[in-house]
Structure formats: C-alpha cells, structure tokens
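What follows is a set of structures to go through.
Across the two complexes that follow, chain A remains constant while its partner is chain B and subsequently chain C.
On to the complex of A and B.
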C-alpha cells in the first residue's frame, strides 16, 4: 500500500472513531444512556422541528451538547498547536503552553477570582494568556531576530515569573477561592455552556485555521535555519504567524476550560508514530485525534463517580504512562 | 545591711509570685480534629488562631490572642466589623494553608489553633511546639455535634466554659424553636441544595451545612455523596431537580446567575424563583444557628413570626464581647 493511501486510511479510521466516541459521549451521562434520543435531538434542533422534547432532551441539549462541542474544539486546538510548535521548534518536549500561555491564563484566572469578584473569568484568562505570549515573544526578540532556544527560554522565564504571582495570590486568598483557582488550573469542562462555546469558537477556529493553512510552511520551518533561508523562508515572519495561531487557539482553550495538560504533547507524538512527521497530514490528524481523546477523557471524568472530576487529571493519568513509554522506546531513534 | 534586706525582700516576693502562678497553672488534655491527644498548659495567654477566629469575640479572648490568620484581616466582614482596631494591631501569621512559621515562632505563642487541611504543616507545628513549648490544636467541625464539641473544647482551653455553655444554649434554643415550629407543619418535605463557590459545587453529606439543612426542614439532594464540598455535573443537579437552592454567602455569584442560566431553567427552584443567597455568616461559629434559621425562613416563610431572625441576630450579637482597646 502506498504511503499516502495508508495515511488516508488511518485518517478515515481515526475520524470514524472520533465520530463514534462523540456520539457515545452525547448518549451517556448521569441522566442515563440514550443513543437514539441523542440523534433525534440533533435532528430536531437542526431542522428546527416544533414537536415537544422530553426533560432528558433538555439535559442533553443544554448541558451535554455545549460541553462535548467545547471538548472537541479545545482538543483540536491544543493538539494542533502542540504539533505546530513541536515542528517549528524541532523539539519533541514542546507543548502548547511553551509560550507562557498557561501561566498567563492562570494569573488572569487568579486575579479574576481573588480581586474581581463576579467578573467573567474566561475573559481574564484569555487576556492573561495573550499578554504572556506577547511578553515571551518580545523578550526573546534580539537585534539578530528570534532564535528557537531564545523563545523557549523566554517562555520558561515568563511562565516561572507569572506562576510565582499565581502562587502569591493563592497564598492570600481564602480557602474557597483557593479551591476555585486550583480546580481551574487542573482544567475542567464542567461549567461549559452555549455562551462559553460561542465565546471560544471564533478564536479557537481562527487559531486552528492559521495552523492548518500554514502546515505546508511548517515543514519548511522544521528544516535547519540555513536550509530554510536558502529555500526563501522568512523565518521570523512565518514563526510569528504560527505563534499567533497557537496563541489564539491555546489562549481561548485555556480560557474556556482551564489548563489541560498532556493533550498537546501526547497526541502529536501518537499521530507521528502512526503516519510519520509530514506536517501536511500530521497537523490535521492531530487536531481530529486530539478532539476525540479530549471527548473520551471528559466522558470518563464526568462518569467515573458521583463527582465531576477535572479532565486534566484524566488526561494526565492517560498521558504520563504514554510519555514514559515514548521516552523508553524512542530514546535511540534520534527524535528524542 | 539595708542592701541585703532588700535582696531578701525581692527574693521572697518572687517566691510568693511563683508559688501563686504555680497554683493557677495546670495542664489539661483535649482531643482535636485529627484525633490527637493534646496537652495544653493553662492559663493560655498567647494564642494564635489560624482558623476559627470568629470564636474570639464569642469567647471574649481578644487580649489572649497574639497572632491571627491573614484571612481574618482580608476576608472576614464580621471580624472587621467588631474588631477592626484589634485586627490592625495583631500580627498576621500567614494562612491556615500557608503558615509563616518564622513570624509564628517570633510571637512566642503558648497555643496554636489550626486546620487539619495540611497534615504536614500540623506535623511541623507539632515539632516546633515541642521545642518552643506551645501546643497545637486542629479544628475542623464535620457536623453540628462536632461544632459543639469544638466550642466546648475551646471553652475549656481558654477557661471560659460558662460563656461557651451560654452560647451553646442560645444555639440550641434556635434549633429547638425551628424544630418545634416545623413539627407543626403537615407538608414538610422540601428538597434543596446548597451551592458553594461554584454552581456545580454542592454541600454533600458531611459538614455543618447538611446538618443545618436537616434542622431547617430541607432534604439535601446531595446527601448520598459522602464529602463536604463535592463538585458534581450540572446534569446531576438537573436530575435532582431541587425545589429550593441556597448559595453560600461568600460565593462570587448571585441568584441572578442561577435564575438566568438556561441549563438550569427546568429546575423547580428556578421556575418558582426559590433561589437565595445566604448572608455572609460563618457556619463554623455560633452564627451557624442563624444560618439555619435563615434557611428555615426561606423554605417555610409563613411558619415563623416576622422579625424572629432579627431578634435572634440581636440576641447573638449580645453574646459578643466587643474589642475595647
């Protein structure tokens, strides 16, 4: 089988799997398992039928639907961003939070919870994430341009500084606000709503679109500096485009669901193992698989017990063993 | 010769003073929230409150406290209302979750009252206490009985048992009045939930709040969850379909957020507009009785006399010892 056919086949299989997982997730929850009703509701809403719905339909439409759609969106945004950054920085350990986005969003959330009672936390988290990204970018900028290592290091520095401020706020707030901050930092979709989805959708979509359209150029950016320049790539400009896309997708994801670890790191590796490093396929497939894994993780998080567990715990529990496996099996390959 | 006499006189007076102190000093043993047997040397004169500081005015021990949690200064309206001058003068020793050990030791305390939230911090405090001669008591009322025993324990430690008994009696009076009043009602089965800092964080089966709900004649929908502050899915809340919703007084959202949330629009409580935000009263203090009365009044408004809550509030305020510099 040709390599391209194999990629298409894997892509079709993963896409189908994601559709099935999403449908099962729509059908399953605390209210019970309704596989047929969940399809009926979608048809009902899609064609704006006027027949009355059951109370369970309200649960599925008002609570499950925005939550699952947000999961899909955030999963795609984080995985796509992770894949793009890993290739751009030629570093397998890079995740979407590299540019200080998580720390910036964390600080935005902490400020909102601690000092701006009643304010819209996702707005502050997004503002914090974007400002942190801009700060990282300009801190790394020198007269000779921006180096990969410089950007990674300034990301580390900005993250450390902002996380210190988060710790300071955590120190002074009361225990209930502290729990709110900690839970938010762990990542959760429990309070997803149509309104929150509407806020996050344009920004995550725009970010994903930039990354998707740049996927051909990301292949060039993953070459050595000299090779890329010889091929006529404007390194700084194109990196800035990708960073802007990542900033939008990740910033809006973090703002709407908190900090969800490992998806952005794990999924691109998983896909790379299956189809290789060609970013033309790797990036869209990472987005699809990331969306599916996020939905599956969140379904586990909300169904495992009577508590609604933060999804970050589930993604970490899934991601860390995988990462250990990756480290052990790929150490000799030259990628790690 | 005159010099010799004065030395003898000073020595004698010191001896008398010491013997008098020794006769007052005694050591008592109490069991704290972690189940530890703690020996406290009385009289306690330099206490540090990392938690439970609302009890200071009720026990009337302003002048026996040398350090307090930062939360009391920044987040407690009650303490700021009745003892703002004192709060300014007393040292802050960090918070119950992040203790500033250096400041605490510098205060030379004889007793530290803290939370059992961080066992490592308690362990370290215990070690420091053995070295520097102070006792460490953890408190964490897991229900109304536990709150009463915490009050009694602190009453015993600070030798203000009579005062404590009086406060507990007042609390019992409120609870008994609610029980007797509600017993006369025929339809007394209102299902409700108590929401904490987030709209999906409810009061489970443990803690003071579930006990208060029970006395106030409200069946806690989340009673099957054995945790004090479980986070549940909104789907679960819709399935419970509570008839009344209470919001914690310190929550950073109000009734409007619940009433206007389309996800919760099918709830009876939302349809009937039976969503109430509680006053900012601590449930780890005698004011827990007032919270209970407030809940009962919201659930059964016709069962109680108008002005009963205000009268009780005044009654409880009369128990407070205001800070006088």
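On to the complex of A and C.
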C-alpha cells in the first residue's frame, strides 16, 4: 500500500473513532445512557426542527453538548500545539505544559479572576502564554544555541516560577476568587457552558488554523538553522507566527478548561508512531485524535465516581507513563 | 568568464579576514584548507547565516538586497548531514527543496511533487523515494541532499565536505554527480579535505588558511604542490598519472 493511501486510511479510521467516542460521550452521563435520544437531539438541533424536545433532552443539550464541544476544541488545540512546538523547537519532548505556556496562561487567568473580576480572561491567558514562551526561550538560549534538555529544564523552571506567582495570588485574594482559581487551575470541564464555549471558540480556532496552514513550514523549521535559512525560511517571523498560533490555542484552552497537561506531548507521538513525522499530516491528525482523547478522558473523569474528577488527573495518568517510556526508549537515539 | 558569486572584503570576527573571491559560472571550485581555516564559516557567510562585514554579490546583485526566499532561489546548500530529530521520508526531504517557491500558508502542489521526483530521477535514486532518510546509506543520503538542491532549482550549489564519511566508490559517485551538474550550467563551490579528489574533479582550487585566501589556481597548474605544502605545512611528493597529478605526504 502506498504511504499516502495508508495515511488516508489511518486518518479515516481515527476520525470514525472520534465520532463514535463523541457520540458515546454525548449519550452517557449522570442523567443516564441515551444513545438513540442523543442522535435525535443532534438531528433536531442541526436541522432546527420545530417539534418540542423532552425535558431530559434539553438538559442533555444544555449541559453535555457545550462540555463535549469544548473538550473537542481544547483537545485539538493542545495536541496541534504540542506537535507544532515539538517540530519548531526540534525537541520531541516538549508541549505547551512542559514549556510553561500553560502555567503562563494559568497566571493570566488567575490575574484576571483575582483583580479584573474575570473580564477578558482568554486575552490574559494568551498574554501569559506568550510571556512564558519568551521567558522559557531566552532562559534556554545560550551562545551555543538551545539544547533539548536545556529547553525542558527552562520550561520546568518557568512553570515553577509562574505557579509560585499563582500561589501568591491565591494567598492574597478573597475566598470566592480563591475557589474559582483553584477549580479553574485543576483542569476540568465541569464549568462548561455555551457562553464559555463562545469565548474560547474563536481563539482556539484561529490558533489551530495558523498551525494547520503552516504545517509545511513547520517541517522546514524542524531542520537545522542553516538548512532552514538556506531553504528561504524567515526564521524569526515564521517561528513568531507559529508561537502566536500555539499561544492563542493554549491560552484559550486554559482560560476555558484550566491547566490540562500531557495531552500535547502524548498525542503527536502516538500519531507519529502510526504515520511518521511529516507535519502536513501529523498536525491535522493530532488535532483530530487529541479531540477524541480529550472527550474520552473527560467522559472517564465524569463517570468514575459520583462527582467530577478534574480531567487533568486522567490525562496525567495517561501521559506521565508515556513520557517515561519516551525518555527511556529515545535517550539513546539522541533525543536528549 | 561570467562571475556567479563574488565576495569583497568579507570579514567575520577573527575567522575570515578580508576575503575577495570570484567564482566563475558553470565551474566547479574547490576550497581546500586545514581544519579551522574558515571553510565552513565562509560558506555560512555566503548563505547569510553569519553577520559578516564586506560585500557578497550573486550574479552581480548585492546579497543584502535579496530576501531569504530570493537567496534560496539562487543558492542551494548541501550540508554534510541533516538534523535527524525527525525521520522524514526521502521524498519529503527532497520536497523541502521546493520551499522557496511555496507560500508560508501553502503546501507543496502536484507540480512540486513532479519536480522532486524528477530530481531523484536525475540522480537515478527514485527507488529511494518512500524510504526513511535514516535507513539509507551515507552515500545515498548525500545524493538525496543533492536531489533536494536540484529541486531547489538554484544555479549556485554549495557543498560542505560532500565526501566526508563516505567510502571510495561513494566519494567518486557523489563528486561525479556534482561534476555532471556543472555541465548543466550549474556553479558548484565545494570544500574537501583530499587534495587529490580536488585535482581530479575541480576546475579551480582555492586555498584558505587562517581566514585568508592564499591562492586560487587551476587544478591543472603545475605549481599546486608547492602551494599545498605551504597550506598544510607538510612535505609532499607527486607523480603524474594518466591525466592528473597525484600528491601524497613524503614518508622520509
């Protein structure tokens, strides 16, 4: 089978899997399991049918639908961002979480909630992510360039510093804001609503669109500096575009669902194992698969016990063993 | 003869010292020099990677007036090896050569694919297209990087030690391929460590030492031996083969 056909086949399979997972997630919840009703609700809303829905249908539509759509968006945004960062920094071990972007966005959210009564939260999250990225980059940069381990360590240091600032804010704010910040930063979709989805949608979409459109340039940025320049790449400008896209997607994701780690690291690697490193295919497929894995993780998080677990716990439980596997299996092949 | 590449008073820190160089169109010019002489830095300067003082002209146009994309359409660089963080397929590596012709929000078109396959065919390595770059031999990798430079459709090709780490047949294969390209009106500027390969394949031999150009001679010039002795600070013997001189270190 030709490699392009194989990619198309795998893409079709993953897309189908994501549709099934989304359907099951939409059908399943505290109110019960309604696989047929969920399809009816979807058709009803899609074609704007006039017939009245049952009360349970309205509950499902008002509570589950925005939550699942937000999961899809955040999963796509974080996974696409992870793939883009790994190639742009030529470092397969980074993602928005490990580079401190999520912590920066978290600090932006905390500032917005504590001091600005929660207004323009996605904007502050974006600003925080950009500043964190710049800080990590310049901390890692030496005269000899940026080492892979140096970049990860800088990300860890920046994350720790920014989270310390978040702790400081938590210490000085009033109890009401403190509860909001704590719930937010844990990483959860439990506060999802159509309004929150509406806030996050344009920024995540814009971020994903930039990353998707620049997927061939991301291939070029994964080469050495000399090669990229000789292939006509304007390094600073193109990197800035991609980082802006990543910060838009990450910032809006954190603003709408809190800090959710590891998904941006794990998903691109899973897809890379299946179809190889070509970002023209890797990035869109990571977005699709990331959306599905986020929906699945959130469904597990809200089904495991009587209350909603933060979804960040589930993604961490999945992602950390994966990171250890990568660290152990790829160290000898020069990834660190 | 027309000049493809020209440098005037090119300097970079203490590594390059006021280099004046003319590279003729359609020629194969070979840069020889001991380790640390400034060969790679000179190439990087021409490619716009080092911030140099002095002037560089490509086909009489100052390089400062050209954008990175315009430079990439005129000069292609073939490194010793490429960054191996991600294991791309051979065809994807060659497709990257089309980057100067593709907008930043676009992907390669079917025409770009055609050109990439044509470049592989030119070097008779089209069978490698779907293989992983890291799974092919060193000689094949060098040919793939040359195919990428061909796909880039630049008239000036710069090769940094293209025969490094290659066995004898592959060294000949790669240099023969570069020589063939100069017959198709391409200008090749390469660095080598083996003076005999330079004598055999190059039209011009340029010697660099301590960041200065000390000579530029025809590869058939009889006085090469003396210059090479002065370049490498080593006594050499020579004998005339069928068509070329061969030099080797004196063992006495």
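Going forward, the second predicted complex is superposed on the first by the 259 of 336 C-alpha atoms of A that agree within 3 Å, B and C clash if a C-alpha of one lies under 4 Å from a C-alpha of the other, contacts with A are read in each partner's own complex, and residues count from 1 in each chain.
Note that in this section a contact is a pair of C-beta atoms (placed from the backbone, for glycine too) under 8 Å apart; a residue touches a chain by one contact, two chains touch by 3 or more.
Treat the numbers as computed from the prediction; the structure is a model and nothing was measured.
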Partner chain in contact with A:139 - chain B first, chain C second, else both or neither: neither
Partner chain in contact with A:10 - chain B first, chain C second, else both or neither: neither
Contacts of A:165 with chain B and chain C, given as first, second, both or neither: neither
Touched partner set for A:241, first chain B, second chain C, both or neither: second
Partner chain in contact with A:276 - chain B first, chain C second, else both or neither: second
Which of chain B and chain C A:306 touches, first, second, both or neither: first
Touched partner set for A:226, first chain B, second chain C, both or neither: second
First, second, both or neither for A:157, with chain B first and chain C second: neither
Those residues of chain A which chain B touches in one complex and chain C touches in the other: none
Residue numbers on chain C that touch chain A, as the complex places them: 44, 47-49, 67-73, 75-77, 79, 82-89, 92, 96-97, 99-100, 102, 104-108, 130, 132, 152
Complex contacts: residues of chain B adjacent to chain A: 70-71, 74-75, 94-98, 117, 196-200, 224-225, 227, 229-236, 238-239, 248, 250-254, 261-263, 265-266
Footprint of chain C on chain A - complex, ascending: 2-3, 87, 90-92, 213-217, 219-220, 222-227, 229-234, 238, 241, 272, 276-278, 280, 334-335
Contact set on chain A toward chain B in their complex: 29-31, 55, 58-59, 62-64, 113, 117-118, 170-180, 183, 188, 190-191, 193-194, 302, 306-308
